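Each of the next two complexes has chain A plus one other chain: chain B in the first, chain C in the second.
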Partner chain A sequence: MSPLPSMGSRSRRFDAPDKALGRERFAADEYPENLLWAGALRAGAPHGLVRGVDTARAEAMPGVVAVLTAGDVPGANRQGFIYWDMPVLCGDKVRHAGDPVALVVAETREILAEALLAIEPDIEPLPVVDGLDAALAPDAPRVHDLETGNVLKQATVRKGDARAALDRCDVVIEETFFTPQQAHCFLETENGTARMDAAGIIHMTVSTQSPFRDRYEVGQALGIPQERLHVIAPFLGGGFGGKDGVTVQCLLALAAMHAGGRPVKMWWSREESLLAGYKRHAARMRFRLGAGADGALRALVCDLDYDTGAYAHLGVEIMALGLEHASGPYRVETLEANGRCVYTNNPVAGAFRGFGVAQVSFAFEGMMDRLADRLGMDPLELRLQNAIRRGDRNGVGVAMTASTGMAECLAGLREHPLWRTRGAWVREAPPLTRRGVGVAAVLNGMGYGRGLADMAVAKVRLTVDGRFRIYNGVSDMGQGNSPTFVRMACHVLNQDESGMELVQPDTDRSHPSGSAAAGRTTYTYGKALIRACEAMRDKLLHRAAMALLVDDVADLELAPGAVRHPATGRALPLALLGSKLHPDDRCCVSEAMMPVTRDVPEGGEAFRLGFPHLIFPYAAHLARVEVDELTGRVAVADYVAFTDGGRVLDPQTYEQQVQGAVAQGLGYALWEDCAAEGGRLLATDLSTYVIPGAGDLPDIESHAVETVEESGPFGMKGIGEVGMNGPLPAVASALLRMGLPMTRAPFTPERILAALGGDDS
Partner chain B sequence: MNVLFPATADAVLEALRAHPDARLMAGGTDLLVRRRAGAVAPGVLVCLERVADLNGVEVLGDAIRIGAATTLTAILENGAIRERLPLLRDAAGAFASPPVRNMATLGGNLCTASPAADTLPPLCVLGAEAEILSSSGTRRMPVADFVTGPGRTALEPGELLGSVTVPVPGGGTIQHFEKVGRRKAMAIAVVSLAALLRVEGGVIAEARLAWGSVGPTVVRCPEAEALLAGRAPTLETFRAAGESVRRAVRPIDDVRASAGYRRRVAANLLLRLAEKAGPAALG
Partner chain C sequence: MILSFTLDGEPRTLDLDPGLRAVDVLREHCGVTAPKEGCGTGECGACAVLVDGEVRLSCLMLAAQLDGRTVTTARGLGGAGPHPVQEALADRGGVQCGFCTPGVAVTAAAFLERHPDPTRAEIRDALSGNLCRCTGYHKIVDAVEDAAERMRKERGGRK
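And now, the complex of A and B:
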């Protein structure tokens, strides 16, 4: 018998063999027999009134099964989460170039493509609201009919009187920062299959982060009772937030309702994904930071504008997290954070790893670097001096009662050789090259926050042949929550992995456990799973006591494949136990919730849901950066991340999360930009939307600072997001040290060359 | 779509005669992308992958002959090219990515005639010659004349690019290639520079320079070449030639970079030569 993998040890991921061997089936792998293809016609125009959609030619084409427009949508024809503002098919107005105006169901992909070309939409163009300035202009055209113009939501969060405090500060720094829209670029683009059965139930297999909420959203949009929607969410080929909320689901369900019971498949091309998929919000952030001559942070006043594009999606909640995290992982005496979430005719912005925080991380860390410069202080020491510690109140006044390892992360970095030798490394720069070493300290609230119960329901079953089957309730988009669940269950049930089975979310088989988001998946479901497994252990020991003629269950233990009585060496195989128990008796279901704070910051009542947070993972990042003076090219030579994610349950998955987040964060810092001109994307595919490749990324060293999060399963907290927030400010910090104060991301060679100044070198 | 697989160059020419609208396809790394986008829809495709006489690298005394259907990987891995034409080797190394290089061919890169073609600037400064086959015979012309504009070549209907012959520069010549793309692999050049520099007695005896992606096709700058001749290869020398380069290039604005950036970088890239030629000048 191989030794059991213990928590915190390095071992193979449970999901690795099937993925490596190509056996794992993603949603995109589903090709049910007799399937039809569905596709949407996109508006093309970023803003306009829909005069009509002529579908006659398409409908007449052989092999076309259905051509649907807004009039064919049975329900409210509005998708959304909190703000129901996004039509399934646009009938009156289009608000961005990717808005769908017609849906075609056809026998083949080729016929589908031809039919889409044959549809003639008649769209009367309206003036395009191409960004924040255009949207906020006094006479701006309105994207939606709101009394507040294009401002979807405006809010202010306060701690003390920051403006008055600013006037009394020894030093005041002021700067405005800009971040671009970013695309998720998951390998598996948005897709799914759907079929309506004879009973009128629609069965969908979709690449989705939120299978249970999908039922609600699709049901509302199409007027279908939730019980008639069955959603299966296999492993995703990446999500990063871009599949949190419906993508293909409403269109697919609508197509299935017109397919005569045949299965329908919809799979967006890369181009369609870039055009119609959700993006990270572009932001403009004006910061004023006041400090004492000793470096103590006295006051922060900031104005944050988030461009949510054509629809709200989760824009208001994303802005709320921006306000909440505006002061970073620091003790700031007073704060005033003003936010606006603004409609434009840009692509729809939504959830993305680092949810509103990736943006403000650039700003608050940029301010810390400028403050260090002004005060002549070491940038790392200034951060350490102000780092929030357990028991402090954060920027919005919430007491940090959970694990708080910010200072430990920074202390780790301070002792790291790459930090200690930074002076020599910079001095040894080759000709025509500048070098700098940057740091960043970041955090990211975990879970949904106050007002929206962050709850999960775990289910574990003893199969008839004596194995344990875990019914995962939160999607695994590659982050590795579900193999970690297997590891947790193995630990509590004292089994090895050969005795485990894993079922991915299925609304008929697993229980609602929320979305795969907010760094919550392993934490919340894991807590519930431990309880379910403990209940299962108790149950089996009791059931075995009778068969083994033991009077006290304390004398029994679970062993791989059996219940054992160590005193006598007798054992009852789980297979035997499984075959004897009633099916209802072989199942345990338990639930858990993430704790929230009862502190409601001043202004916080503006957000009913998702504000504020109580538990935060932290990270300190270091980047050694080189700039080529001839081309402005920025190369990150080395990268180090210290992360406080509580106890590490699986070192390999932990490291993969950090490295993936840093890679995506460096993409955000140096390359990625969904720039649009007049509401039309300039980069329409992956040859023009540049994401980094292996050759562009440095070795990424990951260190865990293992605080213990007492509320978490085995002491952990989620690190899915925090790593995303460090690279942009760390690279900016290094550039500032080279005399390149960058305020606009990404740091393209063109922007760097302009910052280098001069005209000929 | 009708797809033909001739085995000899003659059979290719025969196929072109039989199907005047046919498109030639070597690696397909450009054509198939354009076909997917709906930009081309050939009825007949003549594939070159099985044509043995269009494939391979051959050393001919002071020149190296490269068959048009030779892949970039084969060029990258060829010993003679690595030793004697490092300029071409470096351009092949900067080309796309390993899987694309396994398919893409030198002839395909020339016939696609993109302003950003990676191999064009090196072949131009090296003075390479194109061999063009047709049923009526063979003709030759400098590669610099072969590409006439974006997507345009000197090929007449029924003609086929057979090979490229590259003269090997004499000893002591510095060969330099640099491609500025938006990332290291799978990037279209924003600017590229190919340079041949012969340094004698501490001064530049001859300079040959060609830029990619800063004009409709390769841009040469005789004025800069003349300015460099007779001077020591120092930063100041190369900086002084910059103004003539900025005047010579004709870049455009696109999603990858602005014209201004390309113009400035085209001149800046010369400065890299100081580092490369400096030791040669001292020695």
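And now, the complex of A and C:
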């Protein structure tokens, strides 16, 4: 397929002007007339038995429309879409401090707040399972009634006999790494509005990454047939995985069922978002890596424990990706990866950009740095020597038959001035400052993986006035998939952007196309959209042939606003064509699926969904890091990323993804720790949970390594996630080179000072 | 309480509880949703507006504090058309999810009035109260630099 004409250009995104002017309407901007407000009372206690919830005072308050508890929930009262372990409202037991025990619907926000304070839950405390150690201890209190204690899932994947191979290695490195919970901190917190119409259909406008699956999840949880749920997903004010799966949806639908047909709005405060929203899993990762004296990787044995908090969400699938990516972007002859996904009374962990991989990236890259150190090798050369190449089998035995640009990314970095001049830069460190230059090589499987069809259904319509309307089926949380869809459609249909309209996902208008997740949105929907647009082009040429009295459609072409007959110069305006065609005939719908591997890793059968992957984007990152020896403060002075995302469709959107992911990754490396003590979150707002500000980050230089992913639309593959995985190991790599072997993220001044004193605890 | 103020160039008179938050007055009662709420505690800057030309966080202001003032949101920042900062944010990739953008635009516009030729470090410092979770700030800084240049050219053109 010919390259997009916009390749190399930096024209503005289709969605940017309205957003810059504050005209775009997010879910949070909906204030329908006659609005009611809904809110949940959170348990406060991290673990306990619900003896009762006294709602009498709240119910008696003027302006309170409804006070609901678990007994009012129709249906299964369970959400979670794979394990179905999370109550909409807790009636028997609370498993984390953010568990909801009551739902209030009120005339105003002020009355809502007062009513929530007037509810008195009676919760009998249970011993708190405050982390992995507590959860895995013999006789640990059980968060759920599982035969396996608090272990939701345990699995091992193997390639060969890694333990035996480890014994034969010239060098064996052993280390244990820890990563914290991380909060998504999208600027638009979880919210939506809902209204039940006279026919009993609930219409919801929600900030969601998964509008179609939400219908299924809400329907199951509340016992409502899916066809009675209508979900609209406008542009999201950020998502990053934290809106993949229901947040407000079940509570909101329940509230709408008790609102007498009036619209209801629920909008979590920042504190509630931190308390009740999903997080990145905290992880503990014990790695043993064996290599030959020449640096060839012979064996990796690792034990990964993921703290999924109170509920499963996608914890098992996230752990599966951890196992799959445990050996990084390297050829490793043998592997044994053991994983446990563990329940605790911590906040619920779920999907987050870098889904299980951001954690292990810290570990496998930390091992590579330590191995380079031990062997006296250059850390970049060691990575390049072992980099996985097309045709290799990866750590879990899957053949890499798709585009594989890891070595090219590393080669780009090797020639970069900041790498070539690293010695001088380090030597020129000012007094009381240590300097180091670190590198990291990372990857991230694209798409859902085997067992869960990664499919999208694209729809394009010629409007009656001759414009083209794209019905996006995959939420745009800011990543820019939908403006890229406009660009793709313009190319196939040979139109200007002025002739295009874009509709965001709406379960009544667009078609199920999966969640905005897994670096799949542009790839899968884009493939479907190309087909739909090609069908539309073909259709319009045929319809125009009749009107223009042309015998062969090959003599016609689509032009901006018209079908043209170049031989005669005649043209049929699309507006005329649009006005003549039957509405059914002005629409094309096509689908596409992402290919999967047929290779079945040993042990992989433990995962029904989402394992393993076939196509991977890759990245090599460099960080120039300074440490203040007096304060322990770590500053990243410069940052460079080389990324293999196949062909670049739009350089601006591509760089946005890289720079945004790196920023989130640097937050993960340096500041962000959504820590709980005794199951209670220490952070309550953005002053206690610190995300990077403009002054905290360097400019982030992005280079594309353009492989061609033959299966992808215009040769692309998704890079939404891979950039997240590099910063933590790249910064750690720099610190190690300064004599600071960090094994716990984030690298706070306290930890750096301790390491300067020789203690990494 | 009767409140009268100018909002994006239009006079408004409303009878409201003076204890309401200004951000709610603008968004719910005036229907101007350009100012966003990202935290409610003055840390994220998404609700930034100009009050008599000064950047203010509308989540920390009360309705009564709007009385008699001139309030400008991202919606009215450039008058009839977009402000150069808004043009530059769109052109230079400073917009992703867009939820922080109105606050960034308002803050940057006020900053450029006083600092027509800023360095990147000065721009970063000026935007330190506007959190963005999507961009990593690089392209926002690019956009503010670009806007400064556009505004200098505009001024030059008027001479």
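Criterion: the second predicted complex is superposed on the first by the 750 of 761 C-alpha atoms of A that agree within 3 Å, B and C clash if a C-alpha of one lies under 4 Å from a C-alpha of the other, contacts with A are read in each partner's own complex, and residues count from 1 in each chain.
Throughout what follows, a residue touches a chain if its C-beta (ideal position, glycine included) is under 8 Å from a C-beta of that chain, and two chains touch if they have at least 3 such contacts.
No experiment lies behind these values; they were computed from the predicted model shown.
*Asks:* So, does A:235 touch the first partner chain B, the second partner chain C, both, or neither?
*Replies:* After superposing on A, A:235 lies in contact with chain C but is clear of chain B.
*Asks:* For A:695, is the partner it touches chain B (first), chain C (second), both, or none of the two (neither)?
*Replies:* It touches chain B and chain C both.
*Asks:* For A:687 in the superposed arrangement: first (chain B), second (chain C), both or neither?
*Replies:* both
*Asks:* In the three-chain superposition, say which chain, chain B or chain C, touches more residues of chain A.
*Replies:* C
*Asks:* For A:16, select first, second, both or neither according to whether it touches chain B, chain C, the two together, or no partner.
*Replies:* In the superposition, A:16 touches chain C alone.
*Asks:* Between chain B (first) and chain C (second), which does A:431 come into contact with in this model arrangement: first, second, both, or neither?
*Replies:* Touch status of A:431: first partner only.
*Asks:* Going by the contact rule set out at the top, does A:482 touch chain B (first), chain C (second), both, or neither?
*Replies:* Neither chain B nor chain C is touched by A:482.
*Asks:* Looking at A:521 after the superposition, I want to know if it touches chain B, chain C, both of them or none. Which is it: first, second, both, neither?
*Replies:* neither
*Asks:* Touch test for A:29: chain B only (first), chain C only (second), both, or neither?
*Replies:* Touch partner of A:29: chain C, not chain B.
*Asks:* Applying the document's definition of touch, where does A:386 land relative to chain B and chain C: first, second, both, or neither?
*Replies:* The answer is neither, since A:386 touches no partner chain.
*Asks:* So which bits of chain A does chain B touch that chain C touches too?
*Replies:* After superposing on chain A, chain A residues 687, 692-695 contact both chain B and chain C.
*Asks:* Give the list of chain C residues in touch with chain A in this complex.
*Replies:* Interface residues on the chain C side: 24, 27-28, 31-41, 43-44, 46, 73-75, 77, 82, 86-87, 89-102, 105, 120, 123-125, 127-141.
*Asks:* Looking at the complex, which residues from chain A come into contact with chain C?
*Replies:* For chain A paired with chain C, touching residues are 10, 12-13, 15-26, 28-29, 31, 109, 184-189, 235-240, 269-270, 477-480, 652-653, 655-656, 659-664, 685-687, 691-695, 697, 699-700.
*Asks:* Which positions of chain B touch chain A when the two form their complex?
*Replies:* By the definition above, chain B touches chain A via 97, 180, 182-188, 190-191, 239, 242-243, 246, 255-258, 261, 264-265, 267-269, 271-272, 275.
*Asks:* Where on chain A does chain B make contact in their complex?
*Replies:* 431-432, 629-633, 671, 682-683, 687-688, 690, 692-696, 749-750, 753, 759-761
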